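Several structures are given next for inspection.
Here subunit A shows up in two complexes: once beside subunit B, once beside subunit C.
Then we have the complex of A and B:
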């Protein structure tokens, strides 16, 4: 059985069986055009812990048909996918803190694993659902680079939305 | 117009930037969008662009920006003084936009007040990314109205009375075509694709005058009135494709001869009228 190696940003190397590795579209596309038994992918923005988690997800989903057929959908098609339902295994698997979740999301984007990316987005949405701007700001540790005047102007622009229940 | 409004500023834009924006925005109403982008009454937007340019050009300006930033932070809430790097700093704009595009409308509005970067990305999604509006049995008329008010670029409208995820309202309350078009009126000139599934099409002629940019029409599981095709083809000059699926008595609606092979019928039909509807390339049928 051929194996694919992933080298992480912190210098670790993880060996993954080919069937699992091709869940990543980057790997799949590469192997289609350059058929080889051994190759190493350098993942500059993915660390060891994140990659192990992502590989665990890939192993679990390697036989799923919908992963195979997942295509590059347009923004328009994506906007129709409004369901926030998630596979229970995935929901449990992604029960991590926000920072680790963002790392997984970044890795999924880098390795082009669309289903994992979508699920991370849904999970983050569920974490931030119903929170105010200030609470989201705290959650994301985002810098507040607005003055009070700016904030007032932003609030006024869609002021009618605040009245909508 | 410009002289009266002191908050507007005019900016020369390099050709490369215009080409980049053209790729991002697409060809639809490109000039309008470009003007909105650079001549925004909300001067924050213009200020953003100017600030970005200054940051690129001058080190001195960078230092001043840092000072400004510190002052702004002090102006914000006391507990918001954050010294460590933001969680989202390591994400490029494309990734953040993907995440934001999954959020519902209310969260998009809230996200604008989080930071300048998130505001810029959120407003890009609200105003420029083509939006699909789906109207089902359970959709409330207010929801359609607010979506129309918020998103200026609704590209696809799906009116689906057949399926509903969780049916909470009796069928009698489901929206008629006239209700949807009555509420949306002025917002429909951007619509390129219209899908009507299982609804009453009796308002079909009335809706034609609102959807002048329509390119694709898909009709499913409904009954068409007798003079169906002429009004829509006369109003929608851009219409290129009409798809029928499970349409009741389609032959008499389109005044078609009954043939075994549907493809031969429509090819024959269009070939007879090439001058009247030059933009219409084909009609599609699905038996049922």
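Then we have the complex of A and C:
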């Protein structure tokens, strides 16, 4: 059986069976144009712990039909697909702290694993849902570069979107 | 990894799930996220404005539902027209439910903001002044409209429907107006029938009506029928209605209570042999009916049970009901 190797940013090498590796669109596309039994992918922005987690997800989903058919989507398609439903196995699998989740999301984005990417986004959405801007800033450790006047102007502009209790 | 290091494409995906209220919070977090939220607003294509208390979803019926992230609470027609719609230029689907302040002078401004609007629902909408004139002016500007839904208990003069754009393939309205048909002159009535005949018609029947009106109106129409028992179920009316609709392609009945179930199934079993195999029948069962209730395996009827955990109706195969909106290409 042919195998694909991934080299992580912290110097580890993980060998993955081909049918699992091609869940990543980057791998799949590469192998379509460069057929080979042995190949190493350098993942400069994915560390060992994250890659192991991602590979676990890829193994679990390698036989799913939608993995085969998924394609890049347009803005319009993305905005129509806003269901927050998630496979229960995935929901449990992604019960991680925010920063590990962000690492997984980044890896999924880099390796083009669309379903994992979207599910990470849904998890982050669920973490930020219903929170105020101050709470979100704290959660994301985002630096606020607005003046008080800016914030008031934005609040007025988006007053129609404000939450109704 | 820090969230602020993410490329925009990651944030663009995350904000697509956010409700308008959450977008408002996130947009005040930083300039970068503000720009991403602004971009998200400019790409949104579905909006529900509701004057009713906020829910997790907004349902037109058991099948047509809008998710929470599409809903904003109404601040009135003025705010909708002057603040909201200018920020959402890509809207193709708009549902306005119980929003005050629309009249014959401003309703058509919806079309000015949203020339590409494809699906429009005006529900329980009180329109000030000459409502027919208001709708006529609106229709004149919506050349790409494909769906028009209308529901107003107090509105009985539907002559403006003569002006519904020819592009409309789905008309959805409650049949309160059937009572007024007999008051129309023959020419107008024929026009309405003719217009309905070119559409896939979804009908919510939620009041008892004179059987003669039903027969007169529905007989020539190829339609999907959505029969809702908002009031007492009249079995004779159900029988009469369905047995006259030989061009019926889809029938959905709901919500059927436990004590109604057996009679409804018996009626359907008597009637269905008159239809071809192409007729799809769905029974949506009342929320408190569990899967212990069932019908013979050779029945054409598909039962839909309520799943409390996700607030949706599913059949045994865990599928939703057929989407009426996708059945636009009915052929002769």
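Keep this in mind: the second predicted complex is superposed on the first by the 162 of 165 C-alpha atoms of A that agree within 3 Å, B and C clash if a C-alpha of one lies under 4 Å from a C-alpha of the other, contacts with A are read in each partner's own complex, and residues count from 1 in each chain.
The rule is simple: a contact is a pair of C-beta atoms (placed from the backbone, for glycine too) under 8 Å apart; a residue touches a chain by one contact, two chains touch by 3 or more.
From a predicted model like this one, the values you see are computed outputs, not experimental measurements.
On the superposed subunit A, the two partners subunit B and subunit C do not both fit; they clash.
Using the contact criterion defined above for the overlaid structures, shared-chain residue A:106 touches subunit B and also reaches subunit C.
Of the two partner chains, subunit B and subunit C are each touched by A:136.
Once the two complexes are overlaid on the shared chain, A:36 sits clear of subunit B and of subunit C alike. Residue contacts after overlaying the shared chain place A:44 against neither subunit B nor subunit C. Looking at the shared chain after the overlay, A:95 reaches neither subunit B nor subunit C.
Once the two complexes are overlaid on the shared chain, A:148 sits against subunit B while remaining clear of subunit C. Across the two superposed structures, the residue set of subunit A contacted by subunit B and also by subunit C is 75-76, 78-80, 82-83, 98-99, 102, 105-106, 109, 117-118, 121-122, 124-125, 128-129, 131-133, 136-137, 140-146, 151, 154-155, 158, 160-161, 164. Those residues of subunit C whose C-beta lies close enough to touch subunit A in the complex are 1-4, 6-7, 9-10, 12-14, 16-31, 33-34, 43-46, 54, 67, 69-70, 72-73, 75, 79, 83-84, 310.
By the touch criterion given at the top, residues 75-76, 78-85, 98-99, 102-103, 105-106, 109, 117-118, 121-122, 124-125, 128-133, 136-137, 140-146, 151, 154-155, 158, 160-164 of subunit A touch subunit C in their complex.
Taken together, the subunit B residues at the contact with subunit A in this complex read 42, 44, 69, 72-73, 75-77, 80, 82, 84, 86-88, 90-91, 95, 98-99, 101-107, 109-116, 118-119, 129-132, 134, 142, 146, 149-150, 155-156, 158, 165. Subunit A meets subunit B in the complex at residues 45, 75-76, 78-80, 82-83, 98-99, 102, 105-106, 109, 117-118, 121-122, 124-125, 128-129, 131-134, 136-138, 140-148, 150-151, 153-155, 157-158, 160-161, 164.
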